[in-house]
Amino acid sequence: MEPIGLAVVGAGYWGPNLVRTAQATPALRLEWLCDLDEERARAVLGPYTTVRATSSFQQVLDDPDVAAVAVATPAATHFDLVRAALEAGKHVLVEKPLTPSADESAKLVDLAERSGLVLMCDHTYCYTPAVRKIRELIHGGEIGDVQFVDSVRINLGLVQPDVDVLWDLAPHDLSILDHVLPEDVRVEAVAARGSDPIGAGRLCVAHLSVQLSTGVMAHVHVNWLSPTKIRTTVIGGSRRTIVWDDLNPVQRLAVYDRGVDRAPAGTLGPDERHAALISYRVGDILVPALPEREALREVMAELAAAISEGRPAMTDGGAGLRVVALLEAATRSAEEGGALVPVQDVTKGRT
Amino acid sequence: MEPIGLAVVGAGYWGPNLVRTAQATPALRLEWLCDLDEERARAVLGPYTTVRATSSFQQVLDDPDVAAVAVATPAATHFDLVRAALEAGKHVLVEKPLTPSADESAKLVDLAERSGLVLMCDHTYCYTPAVRKIRELIHGGEIGDVQFVDSVRINLGLVQPDVDVLWDLAPHDLSILDHVLPEDVRVEAVAARGSDPIGAGRLCVAHLSVQLSTGVMAHVHVNWLSPTKIRTTVIGGSRRTIVWDDLNPVQRLAVYDRGVDRAPAGTLGPDERHAALISYRVGDILVPALPEREALREVMAELAAAISEGRPAMTDGGAGLRVVALLEAATRSAEEGGALVPVQDVTKGRT
Amino acid sequence: MEPIGLAVVGAGYWGPNLVRTAQATPALRLEWLCDLDEERARAVLGPYTTVRATSSFQQVLDDPDVAAVAVATPAATHFDLVRAALEAGKHVLVEKPLTPSADESAKLVDLAERSGLVLMCDHTYCYTPAVRKIRELIHGGEIGDVQFVDSVRINLGLVQPDVDVLWDLAPHDLSILDHVLPEDVRVEAVAARGSDPIGAGRLCVAHLSVQLSTGVMAHVHVNWLSPTKIRTTVIGGSRRTIVWDDLNPVQRLAVYDRGVDRAPAGTLGPDERHAALISYRVGDILVPALPEREALREVMAELAAAISEGRPAMTDGGAGLRVVALLEAATRSAEEGGALVPVQDVTKGRT
Amino acid sequence: MEPIGLAVVGAGYWGPNLVRTAQATPALRLEWLCDLDEERARAVLGPYTTVRATSSFQQVLDDPDVAAVAVATPAATHFDLVRAALEAGKHVLVEKPLTPSADESAKLVDLAERSGLVLMCDHTYCYTPAVRKIRELIHGGEIGDVQFVDSVRINLGLVQPDVDVLWDLAPHDLSILDHVLPEDVRVEAVAARGSDPIGAGRLCVAHLSVQLSTGVMAHVHVNWLSPTKIRTTVIGGSRRTIVWDDLNPVQRLAVYDRGVDRAPAGTLGPDERHAALISYRVGDILVPALPEREALREVMAELAAAISEGRPAMTDGGAGLRVVALLEAATRSAEEGGALVPVQDVTKGRT
């Protein structure tokens, strides 16, 4: 089968990764790297390439060999670029967040649907072996009911000029949550608090409490100011608990057969009842073997597969929209001093 | 000097530790272990002891050889026991929380003051070499201004019959915070959210956001349901950041010369301004050598010293009261869905 | 049943631990703590005890209430003390090494056998839940054939005045090895190299290669000069590999379903043969739940049980003798520049 | 300045890394990738390249645009390929080991010297920020006298078809040792023991004791069969000790102000003397900040710089020869059952 012609737009922080992995994907054919600064694009491609650099997005859209566009520009430009690409009949892969507003994101989702084009969000983490395994464990019932989620993503991060720490880091946690939770679990509301202790003009530390339809609270802590790097997500279940430590290559994922159980209440007095009702499991820990695969290559392969098979990508525009709706509500909550803000139900089409 | 006669009250979870360390403190003379269940007291003392067991608290209070009482009973009984001890002219060491209400705690603080007796709270962590060093680093200015605090205390913990996870675990973090923060920093308000995913009838997971008078947010995460144990506190400062990992004996404390700096604003445009204003330090990490000392022995030594020297203990009733006032506000916040609740100013006498 | 009267001899580094755990063992009755320095003995017992201190070993031996003696004095004194105790009809628990020479150790073993008395070596590690589990895994066949053993025991240790690092630290590794290996595996020879880089007058760093009857090499690295503490033993098997990290309380033991397999040789050429013959397993890791038990309490319980039941203790004199024979050969090897030295077969009676 | 024309020979395991980093080095111009299997070379270059593939080494040598050749073929082919390249007037970068024999290595070193060409060994680790810092710390005197070295390099590694674990893994440790030790310290002898517990036909586990001219023992443990990966080197000094854990990105290097000191002997009796002579330091740990640089890019930059400046490379043929001489002696020792084998003095020209 003929490879699918692809153009990468944006030669900044993430674009070079798209360029590298696109070149390693047999089902794709990288045609262009486009950046307002053509020199930067050329530098990213290096002196040995046959791929063309351009500063003209229009040139990319006009090229009939280009069937798909991968957008890695600042979030504020996503809406215009993605819309133009879709209107030019191109499939689109776009970095997170899909756009800075749920309304605009919804418009892009609609446009892609009406045009029969793939609109895929680069929720890279959903393509890691660890997250695939987590989803499998939850959906397969091995965890039981999800009882709590705690996600920490902190490090000494670049204070971004255009987005705060919520929009910079939390999309990772929220897209993972969206991906692994059982299909009947919905996000209902969110409360967020944050601070800007260095006077950067935007939140540098934030805590989100995400209220799920099951009554469960998922907590996310994102922080640009931590001197140590932590990437840990704990998903507590009624049967087992998953601990995902993404910085521990030896055992990224551990499944603990440990927890607290509550027996059905009987007719005992309060004291005896407590002892009788609560019991503890301290069982084995299982560290499942995970394949070594680069997530971004899987993203590229999924983009190509979705286009070839004429189906939505695993992390489609709807997933991007759900994450944006949540972030938007979180921002409002932070502005309102941490109040619980309902999250718009945009889950139709969630898979 | 004659050792100070001490009675320990309560032979449950913590009492045996008081018994053991009191016996290892030359300035104290352990006279009694008192418990409603005298057999339990006897079992704790073991078959080789010369210390007496009793089920009568009155007998302890009546004994003129007893100058001080250490109370390690359930929190609900603290007010009555401590008041009776103070009224009988005994100095008191009491487990945390001082009492379940700030009003009652304030009464005990007043009573002790009026009686000229030592009322000391067993905020054990404040006596660890790590916390002493943290206080020294902050008070000595090596950290600069405190910019954020993040404390995590989670493990597979006993679901307590009488208190929730806030009152069980957060006193540790809050008493440490009270101890290490500069003297002019006050707690102004707190927001708390929690959940009870196992239907235990009380919060098993909770997140606290403590608002300080400097505008800084201190966050505390306590959790009884985590299969992994974490005891980590990060205190970010404008000059350096402290990472305290209490479960890492090799380097419990690390001082990172890393962070994000903001230069004074100039007259540049927004883009250049961002790059010009924010800079990053990635300097060395220093792991200070800490002495190996058991904190509870230091508690015992401090109790004896405060009594001998007729001065308040390092963690006195006022410290206990401040922690209780914060917990009370946190509980109200959790009941009100996470609203920010002001914390009563009870800081007079804070050292 | 009447508790067994016990005297502890030696109030130095380890004696206090014997005193504490003996007092916590219902089947024992601690009668004496004996030390040449009676004041030291008194200080160890503390001011609240009913246990008697003495500087007279003879007084202990003469006491008909004393049925057993636990010897925790310097190794050079073991032979005389243990012999005297056995001759006085007392059962004996003795610290490692049994004696500084295999000949003397053998004499004690014989004497105990002839007298029908328990002679038990305090190979404490063999009573830890981790080592019990390792033995179970190996003896149960889950590991397959043992292919290599690698044991590292290094830290900033006290340079001992009377023994070198071989005799101070390696007894732990060698007694564990003796305990967990299948019964038909024998130690055949040992080579040792060491160094004394600080001019302490004795080996401070040493490496042992223990040759087993199966052709397998077990390597032990002991070091008093390492600023970091490591206590790790890897036991590689044809089916699985055990990694025991004694300083990691979260997962002291991990069983890796990983390894290299060799298929039976066929008739291929050298290159193809290599690829065909070698295959790799990268399976799950299992971290078995281990009970939390203090090993030294198990030692005390085993001492009491062996005496009551009139049977050899799990780590009997024979185990002590085998370890001493190995150490003696290792010392000779180190003196001879690392030559392979046969180890005397003293395995009769090995369980 | 015109970039230096380079050809990479060998498109197997390591060649692709040379191809990638050469392309990222402005001072080099990658002309060819040469492999007996031209298809493999083409696959490594990928579909977007302007670099040429060839299966003819002669074509590479004949190309006047090629000034240097980087050899990444099996060790057995190094001698012929490097000699041919040097004879054709090309500078050479060659993978470790330089050749399988010290005699052949010496011939290549001589040939390069006589021809005035750069012969550089790709001792990649010597170009890491960690090893540069270690060298700086030792040469700057901060460590004091080196007292012991302990290096562990174990993992589940590929059992190589052509070399054993000694020749596969130990070159890393030995080239690092060669690089960081003070200039007046020489390797005098080596003892090695190994085993092949899986019947692979070559050593899969090995322990080396390297005897230095100062009397110090450097120990190296290499192992292909370990399910866990360890890359740790400890260098104990009279003033401080370095711990390098290459798998810990947070603190790859830690400098411990801990150790055992011996005071000059006085006139005390043996017991007091011991206590008086030995003292312990338990000071701070310093984790120096290290730049984030890819070592192989530094190798490429050094190759280009050495050629431009007409000087030997930092890890020149002499370094490669010293490592090979040590490996050869180690192999002989292993064959002779672990005897101490002198290492030929090939240190002339050591920097």
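Should a chain be cited, it is by its letter among A, B, C and D, assigned in written order, with residues numbered from 1 in that chain.
Going forward, a residue touches a chain if its C-beta (ideal position, glycine included) is under 8 Å from a C-beta of that chain, and two chains touch if they have at least 3 such contacts.
These numbers come from a predicted model, not from an experiment.
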Which chain's mean C-alpha position is the greatest distance from chain C's? A
Look at interface B-C and say which pair in A-D, A-B or B-D is its repeat, using the rule that over half of the contact pairs are identical by residue number. A-D
If you average the CA atoms of chain C and of chain D, how many Å lie between those two points? 39
Computed distance of Cα centres, chain C from chain A, in Å: 52
Note: chain A residues in touch with at least two other chains are 228, 282, 285
With chains as vertices and touches as edges, which is it: line, ring, star, complete or other? complete
Looking at the complex, which residues from chain D come into contact with chain A? 23-24, 30, 46-51, 228-229, 250
Residue positions on chain D within touch of chain C in the complex are 147-148, 150, 154, 156, 159, 161, 191, 193-195, 197-200, 204-205, 207, 209, 215-217, 219, 221, 223-228, 234, 236, 238, 241, 243, 256, 258-262, 270-271, 274-275, 277-278, 280, 282, 285, 337-340
For chain C, which residues are in contact with chain A within the complex? 251, 254, 257, 282-289
